[in-house]
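Data block below; observations after.
Order of writing sets the labels: A, B, C and D. Residues in every chain begin at 1.
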């Protein structure tokens, strides 16, 4: 493993710690301060919008700021036939970093608020319509991330991806986990943002379905990708998501 | 119908599905979580700001991101005498895509929250002052969209149009539907964001009046359009709203 | 009066109508939907942030987007010795447009919500510490608007000025009117955002003191202005605030 | 002390006055208007996001917009071996300006709301998990500020740093003071945002630990800094944080 891949995996781990700490921590703070669940979710979603946007702006140039195994797998899938695609070796480094980071983020949030460090969530999220919510949430996320690259607007990713999650907190019934690593991490906390371990597998399965749907939707909306030609082609811009920009 | 127009109409349909799913879905989530209607509308409006901005950023380069028959008609009207205007054939493809997408978006939101897929809204919105609200809301929207092109700031459209709708949710008495397709779609849901079918026609009529007013206001504020001259003229920028940027 | 000054004064009038309609209208909507005054002011301030930012982005290139007699007077004062300064003739056109627009905006908001079109506010705002709030609010606004030009960041004005007002709603005791035209307009509505006519004159006087203080603070912070030299000098950028960019 | 350093120290003082006035003032307003502490912190955090972003946009080009002794010290530490680093003499001017400004900001906020000008806070914030919150908050802040420079995105600092603080209000248990000057200033007000004098020293110590951790994290994530080479190197961009851009 090259030093560069090490640093990129570290960035994925640190970003995942921070992302889950923001989601779980702001959920705890919100439930401690308000009894109106609408106000709680407003605080939780706005804190996530602010935090996620910052993480993508800061770590995107290092690792691509995936923080999400399905984004990493989709990056590999889309580039699997290209010379400069996202290699499987990187997938093997990114995904464990994301999952362990997400778990650490939940533990850190619990620690910051004086809660038990690990407490399995008892929050059942198994209703069928929640799974439809996860399918919609994840398909939209994948469509957005890779679609922005197709239209040459990767520079908007920090604000666009964060805004998308802010909307999806509210318009999907599942409050948009849309991320297997985050879903696993959130099982480790018995607080507002938790998810019962028994609900994790169905959520992750629904997210995978959503990711496939998102890639199909992208192909339908943006058409086949043209072969890379010059420096300003959309493919170039897209590669910024996966390639390290910091030497 | 060329493949390109197909893809653009698909983008209008997908964008309209997503827009109405965001509006209706976040309305359901908000009413399930809070009993303070102010908090509900805060959540509903912020989710719409986040979602609409993302949709315009992502799909603007494909179809112009109209998602609104009156925007499409205004684009045709403004370019009706120009060689490179927005042709009637495109209007005939966009408008049905927008309306059917909007209906599908309401059904999707209901499905995500385990509600009956179609349930006519019983929310009467027929008071006269609400129609004045729609006139104001739509005139401002049209003035903004086409005015941004006149001042060469089309690149601000995602954040500006989304912000405008966020303000108009609150400052107009009708909470700013400002869109016939969205209005029709919202008649299909018996939830927070619904509108009784009997209120749809007056709303759409008021919106049409507002669109005409908006075009008049634009002419008064920005003066007659100069003939296109060079690559960086405002007219060029404006055409980005209607022309596909993805090959 | 040249056609160009006509159109610029019209832009000031339309912008002032819209600004006060946003402030007053969102205040009415908020009080109708929530009984928590904190939620009401959250909605009121967020709607104003969204609306004001849009107005500056759209109308800035036409008239400078002052919407505020003290900004217009400060523009004249700062350029009074320069050949290309903001002339007194323009002040004489802008200020009446701003004041009449602001009054019309209050009437329009009342009309949209089915309220009496004109009703003097009974909301007393005469406490001394509120006047200190207005001094602080206005000095910060003037410092920001003209300071952004000094550091060559006029392009940030839409989001920066709107954000400033969003903060000032909360951190000043007076909720930051900071604008004589808006203050006069808000006397015409008996709703949430109103101000008793007897409180108008002290508010305007405090705002004038704040404007002078803001100009003094700007001189202290940014030093004497260098003579204009080339196309990209800060002075050039600053002139965008006052000069029409639309032919 | 050169005139230039004078002006930069003044900018640090004025910015610190404004920052603490925003934090304390919006806290007072929020507690006067709502009894839901969640709504209070929403208002407090959003006002801070808006205000801090504006201050960095306006004063960044003058002084670097530190407003924070730990940021100033970290700037000195990072550049201590470089010819163009941030000199100790500037540290000696910045830090007193920041602390006295922060105290003045608390007094100003109290004055605007008709409170006693100085009243020691009785709000105990000594629980151990709050100190962990401060360590996390400050390490993230330092990582962000200097990391943005490493990835060449210093132009995003106003929105990114403000957004970070908006998230950290919620996801850290301490509501993210993350700033010794602000912490000292907030001890002078007996209101919502206050901190008991006895809690100040532990908070500042935790912040110092966080700053060291943030610098270590930055080295791990972004690797050793390359020697400066050309005009567009990240080091150049970084220096914008410390060097005056206004002549």
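By definition in this document, a residue touches a chain if its C-beta (ideal position, glycine included) is under 8 Å from a C-beta of that chain, and two chains touch if they have at least 3 such contacts.
Computed from a predicted structure; not experimentally measured.
Q: On the document's contact criterion, could you list the chains that touch chain B and likewise touch chain C?
A: Touching chain B and chain C alike: no chains returned.
Q: What's the overlap between the neighbours of chain C and those of chain D?
A: Common neighbours, chain C/chain D: none found.
Q: Between copies chain A and chain B, are the contact residues mostly the same numbers or mostly different, with half as the line?
A: Copies use mostly different positions to touch.
Q: Centre to centre, using CA atoms, which chain is the farthest one from chain A?
A: So the farthest one, by centre of C-alpha atoms, is C.
Q: Provide the C-alpha centroid distance between chain A and chain C, rounded to the nearest whole angstrom.
A: Each chain reduced to its C-alpha mean, chain A and chain C end up 40 Å apart.
Q: Starting from the mean Cα coordinates of chain A and chain D, work out the distance between those two points in Å.
A: Those two chain centres are 29 Å apart.
Q: Got the chain A residues that touch at least 2 other chains?
A: 36, 39-40, 42, 46, 49 - these are the residues of chain A that touch more than one other chain.
Q: What residues of chain C sit close enough to touch chain B in their complex?
A: The contact residues of chain C facing chain B are 3, 7, 10-11, 14, 18, 21-26, 28-30, 33-36, 39-40, 42-44, 46-51, 53-54, 57-62, 108-109, 111-114, 158, 245-247.
Q: Which stretch or stretches of chain A touch chain B in the complex?
A: 36-42, 45-46, 49, 127-129, 132-133, 136, 140, 143-144, 147-148, 150-153, 156, 160, 163-164, 166-167, 169-173, 175, 217, 220-223, 226, 234
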